[in-house]
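For reference, the structures are reproduced in the following blocks.
One chain, chain A, appears in both complexes that follow, with chain B as partner in the first and chain C in the second.
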Partner chain A sequence: MINLIYGIAGTFVLGVFAILFGLSVKGIDRKISARMQWRIGPPLRQPFRDVRKLLLKDNVLPDNAVPWIYNAAPIICLASLITILLFIPIGSIPAVLGSSGDIIVVLYLLIVPSIAIIVGGFSSGSPFASVGAQREMVLLISYELPLSMIIFTFAWAYSVLYPGIPALSFSTFEKYPIWNQFSPIGMFGVGIFLIIALLVTTAEMAKIPFDIPEAETEIAEGVFVEYSGRNFALFYLADAVKIVVLSAIIIAIFFPYNLSPWLSAYITLPHWLWYVVDVLFFMLKVVVLSIIAVTFLRTALARLKVDQIVRIYWFHLFIAGVAAMILIALDTMGVL
Partner chain B sequence: MCAKLTKALDKSLWVFHVNSGSCNGCDIEILAALTPRYDAERFGVHLVGTPRHADVLLVTGPVTRDMEEKLKRIYEMTPDPKVVIAVGTCGVSGGVFHESYNLVGPIDRVIPVDIYVPGCPPRPEAIIDAVVKAWLKLERLRGEGGEQ
Partner chain C sequence: MNDDPTFIIPVGPVHPALKEPIQLVLTVDGERIVGVDVKCSQVHRGIEWLGMNRNNPIQSIYLSERVCGICNVCHPYCMVMAVEEAAGIEVPERADYIRTIVAELERIHSHLLWAGVAAHEIGFDTVFHYTWALREEIMDTIEYVTGNRVTKAIMMIGGVRRDITTERAERIKKATAYYLENFQKIADIFLHDKSIKMRTRNVGILTKEDALKLCAVGPVARASGVPKDVRQDAPYGAYAELDMKAITPDMYNGEIVGDVYDRIIVRLLEVKQSVELINAALDNMPSGEIVAEKNLVKLLAMLKRADGEGIGRVEAPRGEDIHYVRLEKGKEPFMSWKIRAPTYNNVLPWIPMLLGGEIADVPIVAASTDPCMSCLNRVTVVDESRNREFALTKEMMHEMSIRKTRRLMRND
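Moving on to the complex of A and B:
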């Protein structure tokens, strides 16, 4: 019973936190993008204004859409993203559902938002949305391979280095940070994986240069072409929450560091305040990662073609991933 | 139309650009208004790719016979509340083409226009000013909503 109440309250608090924080990150993203182009840019609260406006606009249902799928897709998309956050530790707060799932669950749940977008696109009955949904599928197929390579290499390394521990659990990553396990050669491999993870984040966010599913200049916003009003606001929120979720995954795998163990030697603070400090540090990490993975790339580059994106993920990043895998494997087995 | 609704729209106007038979002069000026030099995004103005997301329709040029039905459809596709801005002299009055045989006429003969931006082509400042002042129409709607 206590667990149930904790779960419900945790979901609610995390959902509100993720939405508000995600929208703020979006505001920061737009501001920095504007600054990179020597513009003034919109105020930081612009995404909040956009959502408020979208929520109050007409919610149009196209004649040839499948109503229940069309309306359910945005809700599934947002809900699944908040569900992922329940499995990831935030700062020094352990994951709400940490005991009932590990990275494998997160990997599978990460597909659900994309599937929701694909299904929503197909159900809106517009040729542009169909093309966008097909492109989203291509993107999904492209980035899944490098992403799973990262996680399974690390899990394998943990299972060799520390036999008997749950190698796929986030708590293992937190207890034994990945950078401390290897000599410089293995760390180089981890660095390659970090770059791959950041590029996967860009594609998962469907931002330039990987924004083929919603390319507004060729296929008129693609999958979202028919969405308006409340439904589109939910997709907008899902997009904001997504960057928090993806950054949280990268943080949990690559940077599971907290400030409290370092600072508590110098400063004494009440117990609960350390949680706040760690959550603030977590938020800082999310902002930095989102700027690197989304803002810089989307402002500096142009959109790639569909085949170029598949080639990048399946060829270039796959080769880089195999190289990193070999480096880490050699290091783990003590060959070097 | 409740007051809350129009107030939310003031500072977040998403623009859809329709060319209903313009010579491209006004379109180039609209693009200029979106460039970093004029930075329309600082007012929350954002160019969208589909009328379903739009609050403002920027229509350029006189309406040709071919575009008449399409323009009406785009207008109907845009969710309420919406503002239509006619950009350029051709859209306002027909301009130098007003006698042409393949024109239906100025934009307000096909769909209701709220704001007129004359000029051949109008300066980007004038276009940004028109979009930002679209809230004047919304304010009027808010007044009407207050009476209900």
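Moving on to the complex of A and C:
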């Protein structure tokens, strides 16, 4: 019973936190990008205003849409993203629903938002949305392979190094940070994986250079072309939550460090304040990661074409991933 | 199940990739384009009708500036050349130089504007903002020299309305120095950025044969290796004295592919060429009158007495612009006025450029010809009895052309 109440309260708090924080990250992203483009840019609270305005607008249902799928897609998209957050530790607060195989659950849940967008696109009955949905599918297939490669290489390394503990769990990653397990050669492999993970984040966010499902000038916002009002606001929120979720996953895998163990030697603070410090540090990490993975790339590059993106993920990143995998495997087995 | 895997995507009449209304009906198989149909005539404004019925010739100069928001020197330039030929007016030499300088200022502004739009079409908004920020210098110069930022209102039948004084010449010199200084920066962004190259190399190829067959004009034809430029082939204004040569992409890297990348090369080199032409024109500008007839009432009376026809040809930033004007004795408005804007020729090449390409190529390929729909749009045919538009067949068009030619010939 207490677990249930904890779960419900945790979901609610995390959902509100992720939405508010995600919108702020979006504001920071827009401001920095604008400054890089010699513009002034909108104020940081602009995403909040956008959402408020969208919520005031009418929800238009196209004539040849399938209403229940069309209306359900944005809700599924946002809900699945918030669900993912329940499995990821935030700062020094352990995950609400953490257990031994949570990484597998997260891997599967990560597909759900994309599927919701695809289904929503197809159900809106517009040729632009159909093209966008097809492109989202291609994108999903492209980045899944490098992403699973990262997770399963690390899980295998843990299962070899620490037999008997749940390797596919974020708590293991937290207890034994990945960078401390290897010699410099293995760490080089981890570095390659970090770059791949950042590129997967950009694709998962569907931002330039990988924003083909939306591609404003080509297919007029693609999958979202028919969405408006409350439904579009939900997609907008999902987009904001997504960057928090994806950054949180990268943080949980690559940077599960907290400030409290380091600082508590020097400063004494009440117990609850350490949680706040760690959460703030976590938020800083999210902002930095989102600036690297989203803001810099989308400002510095042009939109690529579908075939070019597939080639990048299946060819270039796959080869890089295999190389990293071999380095880590050699290091783990003690060959080097 | 439907066996046919293709479906139709309508791009336009209103679409973010198109800045003006035109409709492209694409038949696509997945991402690949297997069929293209262009439907023009979405923005007919009846400009020629106004020139032939409502306006006197001087009013028509300002009307012709509004044919196109960007080519607002080429169209009036072209029109006044046609009227001068029809009425036999001699233009003072200094006016020719001023017209040339203003036309080249406009080319710089138009090409930079195009470069920004093209970058936006491939999703590179940063470059879009950079090029438009660089373009501000030329806009300020144009405002200083002509008194207007966009619609310059400098042309007059028989000359120009405003002189380029010493301080205006200095302002232009400052701007040309600025562009020579920054040219390398712009060229670096557009010609050496990897992601721009990935999106434009081997995309939207127009072969030399197709370019000749479809009568492509301007940078589109030149990028396909057709060294065609009115400034070189039939020099007007001061171009004959300025040593002007058509630019083809092989001048830059020794090869001609005819793709979007080559069109970028041609336009960028033309910006540099325009800067050099302006500097040369400023240095060689003769002194003297700037307009043949200062008294406008007298000019109008002269035009009313005139009888004859004239053709003006000007190399607009988008290609060859042609105006045909026929004056009739005793009638103030033009008896006939026909505008052929460069986009008219550059829309048909879209079909060979797009066939076999991908949906993702449509915006940049369409933008690469620098289309200007409302300039091209000269006619809308409406069947009044059924109150809807319909298409004309080739035979009907032919017969109508014969009728119109007969009507114009009767005066000879």
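Here is the rule we use: the second predicted complex is superposed on the first by the 334 of 336 C-alpha atoms of A that agree within 3 Å, B and C clash if a C-alpha of one lies under 4 Å from a C-alpha of the other, contacts with A are read in each partner's own complex, and residues count from 1 in each chain.
In the analysis below, a contact is a pair of C-beta atoms (placed from the backbone, for glycine too) under 8 Å apart; a residue touches a chain by one contact, two chains touch by 3 or more.
Quantities reported herein were computed from a predicted structural model and do not represent experimental measurements.
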Is A:R52 in contact with chain B, with chain C, with both, or with neither (first, second, both, neither)?
first
Which holds for A:A220: it touches chain B only (first), chain C only (second), both, or neither?
both
First (chain B), second (chain C), both or neither: which does A:N64 touch?
neither
Which superposed partner A:V131 touches (first chain B, second chain C, both, neither)
second
One more residue to check, A:V306. First (chain B), second (chain C), both or neither?
second
Thinking of the overlay built on chain A, is A:P42 touched by chain B (first), by chain C (second), by both, or by neither?
first
Could you say whether A:S228 touches chain B, chain C, both of them, or neither, answering first, second, both or neither?
first
Of the residues on chain A, which ones does chain B touch that chain C also touches?
37-39, 128, 216-217, 220
Note which residues of chain A are touching chain B in the complex, please.
30, 34, 37-42, 46, 49-50, 52-53, 55-60, 128, 216-217, 220-221, 224-229, 232
Which stretch or stretches of chain A touch chain C in the complex?
36-39, 127-128, 130-131, 134-135, 208-209, 211-212, 215-220, 299-308
Within the complex, chain A is touched by chain B residues 4-5, 8-9, 11-12, 14, 36, 39, 41-44, 46-50, 52-53, 55, 77, 79-81
Chain C residues touching chain A - in the complex, by the definition given at the top:
7-10, 15-17, 28, 30-31, 119-127, 129-130, 133, 193, 195-196, 198-199, 358-363
